[in-house]
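What follows is chain A paired twice: with chain B in the first complex and chain C in the second.
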Partner chain A sequence: MTTATVRPRQAGALRLWNAPGITRLRREGAVAPITAFVAFFLVYVIINPGLLTRFQLQTAGNLVVPLALAALGQLIIVLVGGIDISIGAIMSLANVVFATAMVSLPVPLAILAGIAAGLACGLFNGYLVAYLRLPAIAVTLASAFIIGSISREVMDRPGGGITPEFYLATSGELLPFIPISLFWLAVIATGLWFVLQRTALGRHIYGVGSNMDSVSAAGLNARGAQLAAFALSSVIVSFGAIMLAGSTITGDPRSGDPYLLSSIAAVALAGASFTGGRGSIIGTILAACTLGLVGSLLFFAGINSYWQYVISALIVISVVGIPVIWKKIYLALRKANS
Partner chain B sequence: MTTTSSTPATRQGPGESSTAGGTETGAPRRRGSVSRILNRMPRSAWPLLVFVLLFVIGGLIRPNLLSLDSLIGTATFAMILAIASFGQTAAVIQGGIDLSVPNTIAFSALSYLTLIGPLGPVGGFIGALLAGTLIGVVNGTIVAKLGLTPIVTTIAMNGLLFGVVLLTFKNSELTVIPQFLTDITATKIDVFGLRVAAVLPLGLALMLLLQFVLSYTGWGRSLFLVGSAPETAKLAGQPVDRIRIAGYALSSLLAAFSGIVIVGFYAQASATMGSEYLLGSVAAVLVGGASIAGGRGSMIGTLGGALVLGQVATLVAVANLGSNIQQLIYGVIVLIVIALYAKRGRD
Partner chain C sequence: MESQSTGGATAIAVAPPAPPEALLVARNLTKHYGAVTAVDDVSFYCLPGEVHALVGENGAGKSTVAKMLAGAVAPTSGLITAGGVTLDTGRIRDARLAGVACAFQELALVQDWTVAENLALPDGSPLRGFSQRGAAKAAEALLSGLDLTHIDPRAQVETLTLADRQLVEIARAIGAKPKLLILDEASSALAPPGVAWLFTRIRELTAIGTSVIYVSHRLGELAEIADRGTVLRDGRVAGEFHRGSWTENQLISMMAGREASRAFPAAPPLPVSDRAPVLEVENLVAEGLNGVSLSIKPGEILGIGGLQGHGQAELLRALYGAIPASADGWSIDGRAVKRLTPARAVRLGAGYVPEDRKREGLALEMGVGENLLAPWFRPAQLGGAPRLASEKNWMSGVLGSLSVRTRGPLEAAGALSGGNQQKLVFGRWLDRDRRLILLHDPTRGIDVRAKQELYRAIIDLSASGVGVLWFSTEVEELVHVCHRVVVLYQGKVADELDGDRLTAEAVVGAAVGSASKHKGLS
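Our next item is the complex of A and B:
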């Protein structure tokens, strides 16, 4: 298309479309999930304007933050071309270790214990994948069994020593206006963005996912980057587990289980490439928000909440599938014209 | 994906000689027959060997475990897992994975129990299998035509089916099992003088049939080809998309079948009845020697893998360690198996 025929208003829109930030989002596949979230959010607010009240926003925040963090953890693994089947189990383990440690240890040490437990899982997976070169899906399948079993050994039924003060600090009304859980999510996501986009390690992680051989050939430590990705992912997931423990005020050895499938769904909805190297942080967070709130939207709309499973699946398939179909139609049309 | 540097001989499953073997006689034949046997036989024989080993170890710990009754007990348990994993085997061989197995099982079991009212036992049976096949066709079409990742597609399908199951079957605990179904699964029958549950010969027959299809039909071989080298298959003029769709359809058809078998054997159905088969079926397939990257695997191996896991469950139960430790041991076994196979693949 030639710029001469484009009218000024369209040119403005086109310029916006081609702005550096937007271009990056497009390249990372984030436009579709952001659009989906905006549409979803508008529908939600129209059906239930009460979302914007303090209490409901806080409840919604507590619901989506653990999922968003689990999805970010999954995203990092997907960026290096892998997939993590053990993410739910890691979440359960960090959750119960943290809740158990809270009984006897001060809060900072308990948080460290939870993160150390998660990190150990990440290093275990990462070592097997990066240095023994085993397929990530098979390794994490095996470690899902192992880690899940360990977390049920640590704590065989829901419990632990999480205090109301900790609920206040992670999920309660600590800040004016803003739900504190969203604040913590923003802090962690910004930190992750900085690591991925502004440090050499982050560039290596993206590079390994795009083309591992090229990264190795360039003399960089590709395996180290892969291991670091697993470690980073498990730390983020552990934060998610701690936020989950804070919002439910319990440790539960099965609390992470639902996050395995939903974290993968969120990363898919975010437009990340499962062959690695492409995926957006903001897209993943908004995709997690969309999927996490489908259930409560149906509740407010007075629809049987079992529909959430069907609708979530259809959202994932259509948001990921429509651009593919669109591209095929576009190519077919262009072929027909020429 | 990681393509391990293996020779053509190791990439092809057992019994490939009838179709693909004739075209390429040069390279693989020159290797000694011993190395050929070592390279090709063990894949499906090793799990069986490990099972025998575990069985003997069990007998050394508890002599009364070394009995035919104990063997039949373990085999029956393992056969149920194997039947649920045969479909997964087909999905993995053609280069994908089917994570919609759990809720396909629940969906087909519940729709069978619902359909026997209007359609009768056999009509309901066929109806449930057709519904299962449709699930697989949708999975396969999305994967092959839209290019979505198999994991994402089948996870989405699994979620969708969970919703459908919860919405469609109001009383999700149905327990009226028709006699016809009990007869082919739970009823004890005499086979060569042994009293075994009917599901055991049923599963064996199914395995032989499926292994025959995989090894000796062109369509079966094409699953391996598409799984190991999709680009090559495309260049060779194979209808890759159609083969993939058929692979997923077979996977879901078999998952639906296993749902009906599980209902018949345990005489109960619920919305979450399939959940243990999400990771269990993949574990059985991997322990059975399939490659998660596709192009390798066998039904006999999957049965061997299920037997290994079943024997571990028996040993853990005898040692009174609890199901939690059983899961831990499952994980360790899968890890050892993939490490061993990866090492062999690289040599």
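Our next item is the complex of A and C:
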């Protein structure tokens, strides 16, 4: 099919489907999670039209933004063929370091301190994985315990010096109409998109996950790209931790824990390949939004919230499974026609 | 200083000093892997604008030498200078910066990337910008400059045929505008037009003073393209040659260290048998196949010819049940086939040697013995040491009859050289009551001696009544060893050749279309 020298003119819908941007989304597995999110969003709005009010939208935004950032951090590690078990712990550490720093330091320095703490964790993981060639799952599992202990050492019970002004700037009503948390998410995601899609480094990160040997044989610095991925991931996760601190107005040494499994689930839902090399930013964000809102949807639908996890699991399985089944049907149809 | 000239190709003892204008000088290169010496005291040089061939059997060390030149492997001792720069870091990046680019035998393309990304990303700083559109445009310019307009720069590499991937790999190396281009078995997946394309490119490069190191098994190509060459044997320099001063048999005996010949063994006479054909298929349709009908008698060697990408790979996969296919009539060893899966094909008596031994053929981390036994493990059977012990006789018989060079059934399959790996994929079907063996270019990229051993094994199979379906990119093999050759063109049988009509010209003629086909008929 790639050897066709003359590409025939295609009908409008088909041409859109084959447009370069859409092709890339398809290749990265993002079409299914985007479709799932649209369907989910419609169902949500039908059951609870109040979502579109200012207050509810803001609450929903504050709920999903830390998860979306944690999922993006997980995505970057998955892209280089790893998995990050320490993502919750990094989030907790950045969260408590930031909250503690807010007591005495001005806000920009406190943000820098939180990010530096997260970045140190990412560099530690990345060095062990990229340069000592240890398996990512073992390294991050071990560092999860270490980082968890450090965060409890920094702050042993919820607290910290986060101000109401900071809440307003990250999670409140600073902007008219749109929730400010979604604005910050968009800024960070766009920055990440730029790095991954518009710099050579980003493409190296995809390439390393796709085939480490090929990339090294092509003359790239594969280990450097792996280390950069871990560093980038920890910075994104630290932003998530700061957003979380802003919306809860506290630092909490356990605050990151629930995000570990949800971040992996969101990456799976986003259609990313766990062997690396394939995964989309927009797909991951929307997957995180879907999973993050399942609980509140059930609340509004009047269903026992214990079912939240069952519904999340069904969403993941069906969204990952439908493209596979669809492909089978498509091939069978083509065979029947020929 | 001039060493003895025995009819042109010379066996030398001392490395000649390199002339000062040499672009590449390799002096006393040695590489140890643990206790194994892969390359021992190899010296040669390459002048600007010259094509220097590296020849040798598999395991002779020529790929290791190529890797050292390319910077993929650091030499244990010795010196490489390219254009005055010393290369000793073992980092490909440094070699590329020094103007040395290599098209690797094991393709170094990222499957998930598009052609454009693969062409654009290796060079330069990781911190520079990147855009899909710009990369596609640059790739389009590069590919059309190299006369490769049939490759879509936006296509993902994994959707390309093996031959096209190899073309992209070569294009990437040329695109780096190297002073020294290393082609490591670069023609192994290419059909004759692809090889002709490659030679045109090489001549363009040498005309502007680029040197080319050409590593190949195909002696016919060397006669055409190599200005000078170095023959390696067991990691050492066995001799040198220059254009027009050698014959194939001389080179082969230098490579093998013994008198050998490139002669192909002839197929044994077809046994007269009233047994049903081992394979009969009528109007086989699958992706890339538009109605192929075949019949193979017991003991017959049926060759499949044609250019790559005309349905040969699909034909073999479909006949083994590895891709969905349907036919009007289909039987293996007289038993009707409806829906075939590989497991069912094995039960019916078929065996398959796939195209890519590393990806489809072997579990590289597992042992030689377990790889041989792979098709014969049934879920409820014993595995591990007891099974290996009970199959010991069969395994040593197979390893012995194919002369597989291995430390034994427990050695990891990935540790073997390419030719020996190929013998494993082939050997698992020997002495296992097979009726039909499907071969996908089993002699691709393996050395002369291993080839001869495989020919021998194929003929033994035929003599014992097994039908063989053999797709090869090397036309000479088909013409000499097969009873009959079917040439595919655009997923259909273009011509069927046997007896006097079975000539290399007829096979190539049918492969490039129907125009020359009728010449054979008249």
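Note that the second predicted complex is superposed on the first by the 314 of 338 C-alpha atoms of A that agree within 3 Å, B and C clash if a C-alpha of one lies under 4 Å from a C-alpha of the other, contacts with A are read in each partner's own complex, and residues count from 1 in each chain.
Basically, a contact is a pair of C-beta atoms (placed from the backbone, for glycine too) under 8 Å apart; a residue touches a chain by one contact, two chains touch by 3 or more.
These numbers come from a predicted model, not from an experiment.
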TODO: Please indicate which partner A:Ile90 is in contact with in the superposed arrangement: first for chain B, second for chain C, both, or neither.
DONE: neither
- [ ] Tell me which partner A:Leu75 touches in the superposition: chain B (first), chain C (second), both or neither.
- [x] neither
Open item on the list: Under the stated touch criterion, which partner chain does A:Leu227 make contact with: chain B (first), chain C (second), both, or neither?
Closed with: neither
- [ ] Classify the contacts of A:Tyr306 with the two partner chains as first (chain B alone), second (chain C alone), both, or neither.
- [x] first
TODO: Applying the touch criterion given at the start, work out whether A:Val316 contacts chain B, chain C, both or neither, answering first, second, both or neither.
DONE: first
- [ ] Scan A:Ile137 for contacts with chain B and chain C and give back first, second, both or neither.
- [x] first
Task: Overlapping contact positions on chain A, where the chain C interface meets the chain B interface - done: none
Task: Interface residues, chain A side, partner chain B - complex - done: 83, 85, 128, 132-135, 137-139, 141-150, 152-153, 156, 261, 264-265, 268, 274, 304, 306-314, 316-317, 320-321, 324-325
Task: chain C contact footprint on chain A (complex, rising order) - done: 1-5, 20, 23-24, 27, 197-204, 206-207, 210-211, 213-221, 224-225, 228, 277-278, 331, 335, 338
Task: Complex interface listing, chain C residues touching chain A - done: 71-72, 92-93, 95-96, 104, 106-113, 117-118, 121-133, 149-152, 154-156, 159-161, 164, 172, 285, 309, 324, 326
TODO: Report the residues of chain B in contact with chain A in the complex, numbered from low to high.
DONE: 2, 97, 99, 142, 146-149, 151-153, 155-160, 162-164, 166-167, 279, 282-283, 286, 292-293, 324-325, 327-328, 330-332, 334-335, 338-339, 342
